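The next part holds the structures, each set out as structure tokens.
Look at the two complexes coming up: chain A is in both, with chain B in one and chain C in the other.
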Partner chain A sequence: MSMRTRRSVRAGQYLALLCYLVFLAFPFLWLISTAFKPAPELGSLHPTWIPHHPTLDNFRAAFDEQPLLRAAANSLIAAVSAGFIAVVIATPMAYVMARHRSRLSAAATGWVVVSQAFPFVLLIIPLFLVLKYLHLINTLWGLIMVYVVWSLPFALWMLVGYVRAVPPELEEAAAVDGASRLRTLVSVTAPLLAPGIVATALFAFITAWNEFFFALVLLKTPEKQTLPVVLTHFLGAEGASDLGPLAAAAFLATLPSLVLFAVIQRRITGGMLAGAVKS
Partner chain B sequence: MRAVVRTAAAAATALALLLTGCGGGDGGADGRITIRFQSLAWQKESVDANKQLVKEWNASHPDVRVQYVQGSWDSVHDQLLTSFEGDEAPDVIHDASDDLADFAYGGYLADLRTLLPGRLTADIPQRSWRTSTFDGGVYGVPFLQEPRVLIANTKILKASGVRVPTPEKPWSWTEFGQVTKKLTGKGRYGVAWPLKEPVSVTLNLGLSAGGELFHRGADGKVTLAMDDGDLVVPRTIHDQVNTDHSAARTALGMGGGDALPGLFGGKYAMVPLGFSYRQQVVEQAPKGFEWTVLPAPAGSAGLAQGVSPQTLSVAEDSPHKKEAVEFIDFLLRPANMVRLAKGDWMLPTGKEALADPSLHTADRGWATGVALAGALRSAPAQSVRGYPEWKDKVATPAYQEYYSGAIDAAELRKRLVKDGNRVLARYQR
Partner chain C sequence: MTLASATVQSGRHGPPGGPHGKGSARINRNAGTWFLVLPALLPILVLSVGPLLYGIALAFTDAQSGRTRSTQWTGVLNFQDLLHDGLFWDSFRIGLVWAVGVTVPQFVLALGLALLLNQNLRMRWLARALAIIPWAMPEVVVGIMWRLVYNPDAGILNETIRDLGLGDGRDWLTGLATALPAVILVGVWAGMPQTTVALLAGLQNTPHELHEAAALDGAGAWRRFRTVTWPALKPVALSITALNFIWNFNSFALVYVLTNGGPGGRTRLPMLFAYEEAFRYGQFGYAAAMGCVMVAVISVILAVYLVGRLGGGEDR
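Right after this comes the complex of A and B.
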């Protein structure tokens, strides 16, 4: 391939990447734009990216009309708890499945994959009845349990991959140096798994943060409702909506995920395993 | 390493502390009855009106406390179904009459016939009660309804010189077709039909031309049959879009709110919308935009059109049915019904509430809407079992293809009737 051809291919790749980024960013940028537009601009035939008369009225209305802060706090509790518990449960399970391969672990992996195919509606009524029996309807505890169960298979699957990426030679070397099994796991394996654990926790957090249907069905009283449920209160019948406040509230709802990504992105992609083993 | 352990322990403690505050429960055991009222009110004025009425009830009924629970139109059916299955349904349920059939036939809702006070029964007309009557039982109190009207740009209307219709002298469907042609000009369509959900619009407006589509036989079974009356509305829309181009093709996939910018910008002279969309017009229209509310066109059956009123029902499993109905009666006293109607920009069903002078003002089209109230009927299909499947799998794609010009009237008829009857038969064995 000549230099010129290679440059053309590279330029094409960058162009494709740019188009993809624009495609991904469009809904979010439009959401921000809508959130700051006054009502007459929302109904304009020629909408603009930058509002002519930017306003915070939509944010005021959103907070005035719905208990967004309380809902955000509920979402945060549910999502952080679900992420934390899922990781605590999934990490040792993933370790066992990755290091001790057997028919059982192969079957478990298969089940994990199959379980992802179950639709929500199929599960919700049995789940509802189980939680009712446990007196966990209309409690964040119940919702957190559901979120943990829901995110656990995929979390497990993710973590198995991360554990397999940790060279067993490192653990063997620690054992040769006299470290106990527990000491090896805690001092050698766990730090190397950290990016995977963080990524998995983030996955579970975002799954729970965005989840709507379980929260809608399981939480009865307004004090317990989470942010995605409260966002639907800006929607009316037949697609009617209170567009400005809805956009403002939805914009605020995306912020925690974005902030979290921004903060821990380096830990996920940092490649902490780089240089762990001499080739 | 110790730091990691310490951090994990601190996180676990914090989590435990957070969760200690998460537990739920239905409140104290002070002997008072608590009724849960799940409302689907969503516009600020409407939510305020509902909450204020709950507050007033609670102030005057210390022994029967009503707890306001906010629901959402978007997912109410699935949410209620799960709640019913788990015996956790709210006592008082706000919904639309076309969503009640499954719940009523499933035994989830209380038959209100013996519970309703005479005042309320007499105040709401029989045609409205019919919308929530299934198999002879009454499973909801219809209290708000919404006709479809034409919201028009007054300046374009006046400039065109067309006759402006009134409820007394509405346009016929033929005249409507001629008017939209006249209103069409360079860069402007006479009408935009936002038909993202084409089935209910077509069926409900179809009643004006005598279209019924669903026919109940002597054995109680429903079959689909399509005569000329059923084709008047679809053919008008089809011809506007595909023959004389007086209706915007791009609007066919829109929801009601999506068409408003075109109305404000003069791209569409008229948009057929639900009566409550006036609120969005008031809120979003640019300064100086002049608009008016016109009745939908009339056919051989006059201004008749189908509606699925909003309803208040009581869960069959509620241990406080009597108190729940008393609360509904309070909520729907004429003055309160007017407050709820104004909050939702809809029409009350109650005769006394409809007579309230504040609803007979020309301002924002209230009087036009009130004048249509007498012509509103039960939506044609709402008590038909299997209708939701027919709507989603057969009718929606068939109407969409017909309106876009992809199929002709014969094919539309074949699909709606032949395929539709196959669907209905499965539900009526």
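Right after this comes the complex of A and C.
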């Protein structure tokens, strides 16, 4: 390849990358811009990228209009509980699945794949009836139960991958040294798994924090609802909505999952890459 | 989204203990193993597998919400009604158009981005960082954000159109002709990152030496892609595309926030239709039947995906 074509290929690549950057970034930048605009600028027929008179009024108005703090607290409780419970019950099973090739792990693997194909409506109607029977409709506990089960498939997947990355030889060495099985798991396997377990818990947290459909169906009263459900109240009946507070609230609701995702992103993609390379 | 990693990870070798778990790990499958498995297995059976079977059973009843009279078995009546329900088939068709309309451009764009990110380019850390945003955002926020972009007066899209002198712009989400394409664009944007990362993982799986050898033999970029890159990428590409299709077909929150199925049902995906039927009109049995039909169609697609994967020769 001549120097010249190589250079023009490079230029084309950078141009394409630039297009991707713009496409990925512009809606988010617009959200931020809208969140900081004062009311007159929002009503203007010629909106600008940069607010002329940036303001925090929209954030104040958002908290006045809807019970955002309580909704955030509900989301936090649901997401932390779901993330915590999911890894506590999934880790032992993932360990068994990774170390055994049994019929059980084959069935569990099949279920993980199949569960991705459920239309949630087929799941939510019976769940709604079951939770109603248990008097758990409109409670965070009911929602947490659903979130735990809902996040189990991918929690298992992630954890199985992390367990497989721990060489069984380490466990054997400990066993040869006379450590009991429990001792081996606690003092050899668990420390090596810890980062993976944390990443899985955070991922389950983000999924629950972002979830909308189950929360919409299961939570009836505003004081029980989670952040995504409360956000839709800003939209108003016939699409007429208060743009500034809407943008401000939406921006705030995104921050926790963005920050956490940035933290574990390398682990998720790194795990995918490692898996690919080692196969 | 994690199934992408799953497809990648499942290619790895199991423990050296062989298929029945005897040998090196030396964990006998006894009460202890069950003790490890039950905490996850029980909730799965009680709150996932059980309700799924219950849901299928409901499809053969006249179950309604808040009714005092007991529920009756009605056999295939719901399915017969569904067969003649033009609105449902409209939504089914819209669901297919949406799923294809999102999945295909998503794949093409993601492949392009993955190929770029696989090059040694300077701004690629920024692209990686930006690609996190759609992935980490709540779907509801993605919907709200794009409503702000599409807003007829205060939105950036129409302002850009006005600035470029291309007219006054329009009300994208409420126009009969523009609503579906407009929500499809949002779907593409929202799902691109996962696809990109999965494909990037597949790309890094391609043996580098093969690339160099092909380049030395004088193969051009397209030839190298076709003969070296694509064969290695195919299993991942197939998996992620099938899964994207399923996820998109079943999606709800994004379109609920963007248009709530409007205007005039033009963006009413099957899930929105079933949701309304179940939780606005209380027709649990009928909505469950819709779910069954959706599962049936998706199963066919999943079967194609599994056959394709096995045929792809990626697995043991």
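The working rule: the second predicted complex is superposed on the first by the 225 of 279 C-alpha atoms of A that agree within 3 Å, B and C clash if a C-alpha of one lies under 4 Å from a C-alpha of the other, contacts with A are read in each partner's own complex, and residues count from 1 in each chain.
We take it that a residue touches a chain if its C-beta (ideal position, glycine included) is under 8 Å from a C-beta of that chain, and two chains touch if they have at least 3 such contacts.
Nothing here was measured: the structure is a model prediction, and the numbers come from that model.
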{"item": "Partner chain(s) touched by A:262 [first = chain B, second = chain C, both, neither]", "value": "second"}
{"item": "Which superposed partner A:121 touches (first chain B, second chain C, both, neither)", "value": "both"}
{"item": "Which superposed partner A:102 touches (first chain B, second chain C, both, neither)", "value": "second"}
{"item": "Partner chain(s) touched by A:217 [first = chain B, second = chain C, both, neither]", "value": "both"}
{"item": "Which of chain B and chain C A:42 touches, first, second, both or neither", "value": "both"}
{"item": "First (chain B), second (chain C), both or neither touched by A:89", "value": "second"}
{"item": "First (chain B), second (chain C), both or neither touched by A:175", "value": "second"}
{"item": "Most chain A residues touched (candidates chain B, chain C)", "value": "C"}
{"item": "Chain B versus chain C as contact partner of A:233, first or second or both or neither", "value": "first"}
{"item": "Chain B versus chain C as contact partner of A:144, first or second or both or neither", "value": "first"}
{"item": "Shared chain A surface residues [contacts with chain B and with chain C]", "value": "42-47, 121, 124-125, 129, 212-213, 217, 232, 234-235, 239, 241, 243"}
{"item": "Contact set on chain B toward chain A in their complex", "value": "1, 4, 11-12, 15, 18-19, 22-25, 36, 40, 42-44, 47, 67-70, 72-75, 78-79, 82-83, 85-88, 90, 96, 196-197, 255-257, 260-262, 264-267, 274, 276-277, 280, 283-287"}
{"item": "Parts of chain A lying in touch with chain B, wherever the complex brings them together", "value": "39-40, 42-47, 61, 64-65, 77, 80-81, 84-85, 121, 124-125, 128-129, 132, 136-142, 144, 186-187, 190-191, 212-213, 216-217, 220-222, 224-225, 229-230, 232-243"}
{"item": "Contact footprint of chain A on chain C as seen in their complex", "value": "1-6, 8-12, 14-21, 24-27, 29, 32-33, 35-37, 39-41, 43-44, 47-52, 54-56, 58, 109, 112-113, 116, 119, 121-124, 126-127, 129-142, 144-149, 151, 153-156, 159, 162, 173-174, 189, 192, 197-198, 200-202, 204-205, 221, 236, 243, 246-247, 249-250, 252-253, 256-257, 270-271, 274-275, 278-279, 284, 287-288, 290-292, 294-295, 298-299, 302, 314"}
{"item": "Complex contacts: residues of chain A adjacent to chain C", "value": "9, 13-14, 16-18, 20-21, 23-28, 30-31, 34, 42-47, 49, 88-90, 92-93, 95-96, 98-102, 104, 109, 111-127, 129-130, 145-146, 148-150, 152-154, 156-158, 160-161, 164, 168-169, 171-172, 175, 181, 203, 206, 209-213, 217, 227-228, 231-232, 234-235, 239, 241, 243, 246-247, 250-251, 253-254, 257-258, 260-262, 265, 268-269, 271-273, 275-279"}
